[in-house]
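One chain, chain A, appears in both complexes that follow, with chain B as partner in the first and chain C in the second.
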Partner chain A sequence: MTPSAGFTKGLFRDNPVAVTLIGLCPAAAVTGRVIDALWMSVGLIFVLVLTRLSQTILQAMLALTESASQSSPSTEARPFRWLGSLVFASCFTASFELILLAFVPDESASLGIYVPLIAVNCIVLERFAASGNREPVRNIGRDIAKSLQESGGLGVGFAISLIAISLVRETLGSGTITLFPIGSFAGTIEAGNVSLAPARALAYAGGGLLCLGYLAGAARLLGRLKGRRLEGQGGTEAERS
Partner chain B sequence: MSLLGIILTFSLVDNIVLTRLLGICPCVGAPGGMRAAVGTSAATALLMSLSTLAAWVLETFVLQPLDIDFLRTPAFVLSVAGIAGFLDWVARRTVPQLLRLAGIPLAGIAFNCATVGVAIIAAKGGFNAPQSLLVGLAAGAGFFIALSLLTAIRERLEVEKVPEWLRGLPLHLISAGLLAYAFMAFDRAFLSRLFRGW
Partner chain C sequence: MWTACEAGNGWELCAIMTESNRGMASPQLAVSPAPHVGGLASSLRLNWSVACCLLPAAAWGVFLFGVPALEVLAVGVGTALLAELLTGLAWGRMTVRDGSAMVTGLMVGMLMPPGVPLYVPAAASAFGIVVVKQSFGGLGRNWMNPALGGVVFALFSWSDAMSRWLPARGAAEGAAALSPLSALRNALAGGKAAHGGLLALLGANGYPWSAADGRVVTWVNGHVLSILGASLPRGAFDMLVGNIPGGVGVVSVPLLLVGAAYLLARSVIRWQVPLTYLVTFCVIAQLFGGLPMGRGWLAGGMLFQLFSGSLVLGAFFMATDPVTSPLTRWGKLIYGVCLGILTFFLRYFGAPGDGVPLAILLGNCLAPLIDRSTRPRARPSGKAAMA
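Entry: the complex of A and B
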């Protein structure tokens, strides 16, 4: 495996939202505006990467103490590791909440309860399940690099899906694209004639689920086409259609 | 808000799955048929009502008096996880055959973003203790309504002819979306006219 393979795997081939279909709640709920999707992605990447990093370090330390005490790797310790990871995830989420509240209070109000729920996001929890059964730690440095790459890839893959969904939903549903206000740019792009008569249905809760379903279908279609062309090679192109 | 108002709001108007879009993973991706749906919903409703009560206790006696609001997320997540673990332990001791439907521990399914989300919503809504308990139960009922409707749709779709690239989860998500549009009919104003004074 090349060093960057762990990162790119999460981007498209194992994209959490479009392909493996986990962490769907924020993908459907906060994609009404592009800016919400951007901040949600920042939050998830922040929590996911830091949690995975802390978890890897904790696991390495536990492995060291276990080998020092010559006891067999006990299964009793596993629930406590899971709990430890939950502590990490919820604390990093709480710190992200405070950061958001301090620097972009409007966005904090707009995202509402979806920010605290990053702590129990299926992507973050799924990672716990996957790393709970890992073989004993051999090389701490390599483990840390691997966990950083994997979690970074998953986080960026989540961001790509969220931004794709929110671009479709906001452009068609409200006729605007809301971004940061920079300088003289007010932060909102009008999408031509669509803004005169937008398809408001897409801006409602159901629209998020519809877009998510079609994105998942499109990702599967693209993956199948790609697989037919490359004979088993994973897809590396975007499923942004 | 009256008790009837709480029940209607949290089970229909603000349906946790179809309006708030929480707990989509267990609703769309959960394996099994109607029996598994009933089991999952019962476990979720139980966990939701206990966790809204725990959230009220934490909010009233710990977070507000000590002025440590910023610890709300860790406190709620860990207390809900603790209650889920406790329920799992109790169920394993008493009714082991009930515990595993489709090979997945029920408490593992019940501990999801919907449960924690309801706890946070209830704590921020400023309810008292019995009202918090009722919020959890009503949200659990809403979860059951959404999950049973989605399971029924899924069972019907399995025998229908559908495009191959949409078969399975993508189609479940699309049908959940259409169901969410249908739930927009449960409008707050409409229901308040039906039940005056809630």
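Entry: the complex of A and C
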């Protein structure tokens, strides 16, 4: 596995929203405006990466104490891993919530309950489960690098999906693209004639699910096309990766 | 899926079913259960006969509202055909010739208010064909009626434009064009109270009935009903023939009934769904319809409700869509009752439109469940069969 493979896997092949279909609540709920999707992605990347980092370090520390005390590994330590991971996730989520509240209060109000919910986001929980059953640690540095790559890839993959959905939804559903103000740019792009009579059905949550469905469909279509191409070259996708 | 054919639901229905299944099988070896009827030709015939039966009511809309109504119909049908053609090209499966897209487009146009901005019927038709029908696998595999899906999309997206009506031909000059249902809503919200039925209420609040209505109602009251000691309120004639603001193809109940009668006679549609739908709705509306209006029990004005909105078009032409309605005989009856109840609640307790499109879509969601629970089973002859 090349060093960057763990990162790119989360971007496309294991894209959490489009392929494995986890973390869908924010994908349907906060994609009404592009800026919401951006901040949600920032929050998830923040929490996911830091939680995974702390978790790996905790795991390494537990492994060290285990090997020092010569007790049977992992069976005793597992509850602590889960507990520790949940505490980490809650702490980082709370910190992100406070950061938003302090510096971008409007956005904090707009995202609402979906920021605190990052602590129990399926992508974060899925990482706990995946790491809980792992082999004991051998090389701490490599483990940390790997966890950063994986969680970063998943986070950026989540961001790509959310931004794609929100671009479609906001352009067609509200006729605008809301970003942040930079200099003389006010932060909102008007989408031409669409802004006169936008298709508001897409701005509702149902429209979010609709876009989500088409994104997942597109991901499967691309995956199938890619698989066919690799087959034509004499190797399946599984052999390649 | 075959129960319908066994229950004798008309050969056209079976034709659709066999056709949709043939799509799943390989093209060389089309394995499909009996009856082996039809193919593209019969599906085409079915759709053309539905379209022809819709035409009188659509023509009435064009006569009543003029060019804007024609534009809405043309854009609806044109966009539906174009969308079907393009998705057919993309999917590699040409189905534009089976006529179902034309019927979808025509129904979209008929449900639209005349004079609506033309992107609304275009978007509704395109949504119906691309999202509701083709994304789920094309004709026979859509779980929702494409035309209604598109119309509900438009209702949620452009609700203002979808409730702005054009005055009917012969209406008083300068009067605001309100459909009877919205006029009723306004009258209840803050108008003058009146004794008698809902038409009397509308009349007391100055609803602009046409001059023709005045002449006919006066003549009937003077020459016929006076002998019996009864009288018709103003507006009865307008409501009956559909000389009122409303959707392009939904205002004329008699012409819709003529089309429906032909379809019923040819067994293209069955009586179960429309009858139970309309009867359930009328009974509930008459019993409880007066309560939300503060008029008490048994004062719902079911005839007014029956003749306003898209109820008749929905009941005969959309609720009976063979793809999205239950196939079993009992299932159809249950389905009709469900639709009646849903329509009552959606119409009286605030939904966009007149409640019919959303009610039928919700009914479409229930249809597979109804089918599953009413599927005829082989009678067990003993304990062995039970196990």
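Quick note on the criterion: the second predicted complex is superposed on the first by the 229 of 241 C-alpha atoms of A that agree within 3 Å, B and C clash if a C-alpha of one lies under 4 Å from a C-alpha of the other, contacts with A are read in each partner's own complex, and residues count from 1 in each chain.
Here is the rule we use: contacts are C-beta pairs under 8 Å (C-beta built on N, C-alpha and C of every residue); 3 or more make two chains touch, one makes a residue touch a chain.
Predicted, not measured: the structure shown is a model, and the values here were computed from it.
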Touching partner for A:220 - first (chain B), second (chain C), both, neither: first
Chain B versus chain C as contact partner of A:186, first or second or both or neither: neither
First, second, both or neither for A:199, with chain B first and chain C second: second
First (chain B), second (chain C), both or neither touched by A:109: neither
Which partner reaches more residues of chain A (counting touched residues only), chain B or chain C: B
First (chain B), second (chain C), both or neither touched by A:61: neither
Contacts of A:210 with chain B and chain C, given as first, second, both or neither: both
First, second, both or neither for A:5, with chain B first and chain C second: neither
Chain B and chain C footprints on chain A, overlapping residues: 201, 204, 210, 214, 217
Residue numbers on chain A that touch chain B, as the complex places them: 21-25, 28-29, 79, 83, 86-87, 89-91, 93-94, 97-98, 113, 116-117, 119-122, 201, 204-210, 212-214, 216-218, 220-221, 224
Contact set on chain C toward chain A in their complex: 117, 119, 123, 131, 135, 153, 156-159, 161
Of chain A, residues touching chain C in the complex: 197-202, 204, 210, 214, 217
Residues of chain B that touch chain A when the two form their complex: 18-25, 28-29, 70-74, 76-78, 81, 85, 111-113, 116-117, 120-121, 124, 163, 165-166, 169-174, 176-181, 184
